[in-house]
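Quick one: the structure is below, and I'll ask about it shortly.
Lettered A, B, C, D and E in written order, each chain numbered from 1.
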Amino acid sequence: MTDVMQAPGRLDYPVSPHARKGGLQAAQRRIGMLMLAPAAIAFSIIILYPFVQALGLSFFEDTLQTIEPTFIGLANFKAILTDPETWQSFGITVVYVGGATIGTVVLGLGWALILNQPFRGRRVIRALTIMPWVVPSTVSAFVWAWIFNSRFGVINGVLLELELIDVPQAWLSTPEGALAAVILTRIWRSIPLFMAFFLAGLQNVDQEQIDAARVDGAGNSAILRDHLLPHLRPVLIVVVVLGVIGGLQDFDTIFALTGGGPVRATSVLSISVYRKAFEQWDIGMASAMGVLWVATLLPPAYFYLRMLVKGR
Amino acid sequence: ADLSWMGYSYAEESAKPSVEKIIAGFTAKTGKTVEPIPSAFGDLQKNVFLRARSKTLPSVVQISERWLPSLSKLPGLVDYNTVFGKENLEKIYAPEALAMGQIDGKQLAVPLMSGSIGMVANQAALTKAGITDLPTTVEEFKADLVAIRDKVPNSVPYAMATKNNSDILVDFLTWEYVFGAHVIDPEGKVVVDSDASRKALAFLVDLMKERLVAPEIGRPDARRLVGQSAAAFYLDAPQSRTFLRSFSGQGPAFDANIKPMQVPVVKAGDTPVSIQWAHLIISFAQNSPPTKEDANMQFIAYLGDDAVETQFPVEQSALPGTKSARANPVVASDAYLSAWAKNNTHPRRNEVGIWSNGGELTDILAQEVQAALLGQKSADEAISSMSTRMKASMTKAGHAQ
Amino acid sequence: MAKLELSGIRKSFGAVDVLKGIDLTVEDGEFVAFVGPSGCGKSTLLRLICGLDEITAGQMAIDGEIVNDVPPAKRGIAMVFQSYALYPHMTVAGNMGYALRLAGVPKEEIHSRVAAAAKVLRIETYLDRKPRQLSGGQRQRVAIGRAIVREPRIFLFDEPLSNLDAALRVEMRIEIARMKEELGTTMVYVTHDQIEAMTLADKIVVLNGGTVEQVGSPLDLYNKPVNRFVAGFIGSPRMNFLTLGARKADNVHAVSGGEIRLAAKLSEAPAEIGIRPEHISLTARGAPDSLAGKVTMTEHLGSDTYAYVALDGSQDVLVVRLSGEKAIKRNEPIGVHADPGMAHVFSAAGLSLASARPVSLEAA
Amino acid sequence: MAKLELSGIRKSFGAVDVLKGIDLTVEDGEFVAFVGPSGCGKSTLLRLICGLDEITAGQMAIDGEIVNDVPPAKRGIAMVFQSYALYPHMTVAGNMGYALRLAGVPKEEIHSRVAAAAKVLRIETYLDRKPRQLSGGQRQRVAIGRAIVREPRIFLFDEPLSNLDAALRVEMRIEIARMKEELGTTMVYVTHDQIEAMTLADKIVVLNGGTVEQVGSPLDLYNKPVNRFVAGFIGSPRMNFLTLGARKADNVHAVSGGEIRLAAKLSEAPAEIGIRPEHISLTARGAPDSLAGKVTMTEHLGSDTYAYVALDGSQDVLVVRLSGEKAIKRNEPIGVHADPGMAHVFSAAGLSLASARPVSLEAA
Amino acid sequence: MFDLSSRTAKLVFGGTILLIGFYLFFPIYWMIISSLKANEELYQVLPTFFPRNLTLSHYWSLMTESQLGLYLLNSLITSGASATINTILAIYAGYSFAKYRYPGRQPIMLFMLSAQMFPFGLLLISIYPVMTDFGLLDTRPGLILSYIVFALPVAVYMLYSYFSQVPDELIDAARADGASDFRIFHTIVIPISIPPIVTVFLYSFMWSWNDLLYSMTLIVSEDKRTIGPGLLLTYLNETNADWGGAMAASLVVSAPIVAAFMFLQRYFIQGVTAGAVK
């Protein structure tokens, strides 16, 4: 730029006293970085540093016996990868996160479609719908545990009353029952959030587009299939991200509802890591498990998110 | 404060006032102050452990007897023998209670209160089923259970622990002992794979099949069931009384229904089984080496005082750990406590919880027992799998198999 | 191929009456334009015809068959929306073929009908693109194409060109005119744009506040508006209105800057006269049949010159349209001559007193 | 109160050169309009003047001072945005007073300056409303008001009227004309709209593809476009272009339906002639100085009639604008007479060969 | 959206409402009902759907005996404070990502976002000593800071997503009016972004509000305990299984937050609709 200003034949004026150094773009860059700084610092201290430390610990034997950790290389990873429990945990996590996410998407979408339709009492229902999301997760675990309770639970009560079973069943004591219960609880808790996102998406639907489809002869199912679902695709992508994050990180409900049992039927990764670390005091192993988890998830997450950010 | 005391009793609504009394008493006597740090029973081990990692250990900690081995490696743990002298301690504490605090010849803990885990029956439930005599053998026990099942609708005749790993451990161990089996021998060898073990587990599985026990019951659930007379038997510590009073909603009026009894035996004449249970006190040195003058050692000394030992354990429905307190009329005249002591004369060690990898062992045992009870595995499979997994765990913890 | 008859059509949203009884017949093959100010109910009426909203009262018939309760797709109607309402996730071909696909038309036929329509509209090369990859004019064409492939009996257009820029609007207008010629289908066309309505329509319906003000051919409306509203609405720049003052004689009234002589005395009192900008010329001050004023502002478009004339002794400003480029001095006394034969007289209620065309306007 | 001088202004976004060297001087108090097709860089240039983007190369001076690196607020410039960009959470008064508040002007003065501007713009009664409670026209006024209160040296407008409907646009145009009169400030105005540019501007700058095509007064551009682009861009309906055919004599060329005689032989070969629709009239077939053709379509606006004439033996269609209402038979042979003095001749490169105005156009 | 004039459509619609509605609301009903039953009626194998005798005994005992009010207050303080901090951090970071260009912008953002997948339990292992070093163990500030873990990345993303849609013209207008970047952000952008900010606040709040893991570990003093562990330790734990009390307590602790949400949910939906997530 300077060379241009000195180019021959150009009129020469005095530079305005208000002119600033470095130009506009550099200033903007500085301000942008300044605004990011607080979050970046918090992120580094509270998330990144602990993670890096955990990464380091995963190469150490750090248990109750070894108050000073000793370096053991990849032994922790080897132990984990050869332990069938690890794979079981991964499997359960997949079922749990997958089941809960799919279930919530389906029901949350269904509920959003319903609440997008005008009918009397809609406002009240919309307002009430938020409840399962805002009750503390411990509470939702309580409620569902109570509903599933083998002695006094309402499910048993109803089934007994209907004579579908003759003795009370211990739902939470079977692997399937317990997994179903934690998934149902998770779905119950997340429907409101998903519903809100879908509803927001639906409120952005161009009514003229739907009218056009009606004129073209589309019935309700065609409207849903050909127009609403494609329209909601971006929302769906985001909702799936949030659902997966929420599911993976969910600890509270499962811990309060089944504690990971019976046996290990509901020991998702978050529970397993907790168990390893805080019940068996094997920090090195727990770190290795967490690192493995991140290693599995981070690359796909990064690319998925990049797609999300770019595809907007 | 001059010292900090972390404990679970302080976190329990019913026990908190008793703890405050101890602290007030200590302060009155020595002029030193105590900072109580409450921690829920289930969280205490974790808290101690995390504090060890961050080097902020409290000076005194109340623990359950079965955690001692896993905490025994913590730095700064005081060997009371070096402070008070072995002989002195032996003079003060009842031998079996003191023994629970010993590891490798060190006295790492002293008892705050002790006792055993034994069986409790509910008189109201027995009456409803028309049972007049408490069962003494396993056979009688089972027959009674059947009677209760049939006569008391929607009952769980024996509220055995079937959820919550540490609860399952205690119940299963009891039956192991009843059937003459062991899980781990004193040298750290896993010996659970035995016919006796299989018999014990098969017996429990059979109870489950017959619906004499129920799934999804932990200690609190059992207490609730018994408190409501919907269960006739369960295993618990002497503290049972305090809980049942509260859960029945009837208070001391419910005492009439609480019957400590001997755990049934395989054949008449066998020694009835019970398991050692205690609340122990460990300390972390305030000075190196620790001396009697340290605030926390003064506190330890105070805990052995009759002022504490005739008050706190009794309020918790448990036996004191000191000889003099046990002899004190307040304790000796408590009918319930003496009945308890009479029924459970030879409490045995918890042979699983005492290892440094006790947490893992408990998990393995409970998982396998649960799997058998819930019909996912046969009793045989469960026992052999338990054996294999425990052996691996013990090997890893440095106990050659 | 269809005749559309509306009788006594009313529409209310809750307590609000939006349409207050519309009677209208659209003949087979006719091109009818709905015009009117914003909010007068044009779109609402179109949506009723289409079947997208329920008619509150009245009857609607297509080819003699009452269709009040027939769903949109079964009415044989196609609609082009103002926002185009293209399906953003489908290709152009997908958009155009969608209705046929839903109707179960075989793939090959869909393909050939879409191709044919695309050819007519010159969008063959875009068939595989998504709407967002198209320019405004191309999107507009796709929207029309989507309507065409269905071979409807009636086309409905809701301000189809309003989102285009001026140049494209002209181009697409000519396109629609061509289409009207070629297809000969009955068309109903809502627009804000004077020129579109005037140039395209066989018949214009002027709506105002939910009722029909006038129905007629474009030139009818231009030349013989039945009331002040229509007179002011049709024509651009809009008609000048002069308030009549005191009656000076039976058929002579005062106006700003002069007086007006009507052809005859009227039974109903006239209140205003209206003169279009193109029917006024500038003359010397005091010329016969002229009112006195002065030019306050001029606008030069090259092809035309607009002069804004303030009449003496009033706030009335007359817009005068002069052909070509005229140099005009501002703020000098001047006379304006209005072609009296082209002026309109309105009653206080705004009705056109057609019989009373003035014979002269002159300075007092 | 300010003179704006741009020399060699360039702007690139990454590898894309959007402005390719603009030299321009806006005199103190002048009203300059930027026109040009979409994407030609009008907004970009305006943003550079305002200081919102960084100039890639070149020099910009206001009142003889280089301001390349001066932040917008220090340039003494106010800008009115296309979308108005009103602060939605502030009242009208808050919007208008924001800049003053930032500049630390005392409350009372803000108050009085806002009140004064509001009075000029007739929005006094809305001062406490939020923007969303206003109509489009009112918002537009607030946006202008926000610029006025700052008493800038230069006003910048980016298509300020493009979001308004036709009637409002006319009204606001007159408003801006009044404002220009009253304030006398230097103004730069970007528009798509012919009429706005023609009627408001002292000087029009025609941009195309990042360069200036022509700068001049509105009538200059209309009458003496320097090239085919400007000729076609200015004027509505747009200029008709006829491709010249073989040279028949030194100064005689064939065109569809006849031939054209130029005033003189040209050194550079002429390629096209351009004639505006208003400079063509219809005559009998074979009348002197006329080309042969037939009317294929007519549009009747009441005030004007447009005839589309297809010239014999070609696809060229001439648009003819006739004043008033004309009844025209379609598809009958007819003659078109173009005022040769008003025609333009362009070289193959599109340059206007101004010296070569044709002397006649006639049927072959 | 849907045309419900046909009978089938009505049936499907009604059926779905009943089904999902039942799933969503029955547990809440059941919670309320159970909290109002006396223990004798509560602990029955065949439950009563409409309690025969309503009793407030569970409520009475929780009022008089438990520390629920304290737990609730602690939760509100810690969740509120951490959501506030989170939101403030995310506001700036989101705006920076959305409206400024500098090297590394996108990778940093993506990395931050991916970090939301780090297992919280794992981070806790290392956060614990960090908190100890700063003397923040067993303190509310410590817990509040740790809670940033839960939602910062998603909060940043949500606001980034929204701010990207704020028209540049608005910012330019303010700049032309003489406002500095921070001034623009504070006086123009933030005020018009209230709904999305509320959305992000609520989202962050919910994560902390639900937390069991961190508060169970980082807080040992009862006077700083939050409701998650508080409920668990009071009602269902090694020594207790008081279902009626648990239900009553659940309702009591949920009430204030449900009430607040009823009030804020309009903003919440608006915030999402405005593009907080897109």
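As a working rule, a residue touches a chain if its C-beta (ideal position, glycine included) is under 8 Å from a C-beta of that chain, and two chains touch if they have at least 3 such contacts.
Because the structure is predicted, anything quoted here is derived from the model rather than measured.
Common partners of chain A and chain C, by the touch rule above, are D. Where touching is counted per the definition, the chains common to chain B and chain D are A, E.
No other two chains have as many C-beta pairs in contact as A-E. Rounded to whole angstrom, the centroid-to-centroid distance between chain A and chain E, based on C-alpha atoms, equals 13 Å. A separation of 40 Å divides the Cα centre of chain A from that of chain B.
The distance from the centre of chain C to the centre of chain D, each centre being the mean of the chain's C-alpha atoms, comes to 26 Å. Across the assembly, chain B contributes residues 46, 154, 164, 221 that each touch 2 or more other chains. Residue positions of chain C touching 2 or more other chains, listed in rising order: 71.
In chain A, 149, 151, 168, 214, 278 are the positions where the chain touches two or more neighbouring chains simultaneously. Of all possible chain pairs, those that touch are A-B, A-C, A-D, A-E, B-E, C-D, D-E. Against chain E, in their complex, chain B makes its touches with residues 6, 11-13, 37-43, 46-47, 50, 53-56, 154, 164, 166, 218-221, 223-224, 228, 230, 243, 249.
On the chain A side of its complex with chain D, the touching residues are 1, 4-5, 7, 10-11, 13-16, 18-21, 23-25. Per the touch definition, chain C reaches chain D in the complex via residues 38, 165-167, 170, 174, 177, 192-195, 198-199, 218-219, 222-223, 234-238, 276-278, 297, 299-303, 306, 321, 323-325. Across the complex, chain B meets chain A through its residues 46, 49, 52, 70, 73-75, 154, 156, 162-165, 211, 214-216, 221, 225, 356-357, 359-360, 363, 367, 370-371, 374, 376, 397-398. Only residues 206, 208-209, 211-218, 222, 226-227, 230-231, 233 of chain A touch chain C when the two sit together in their complex.
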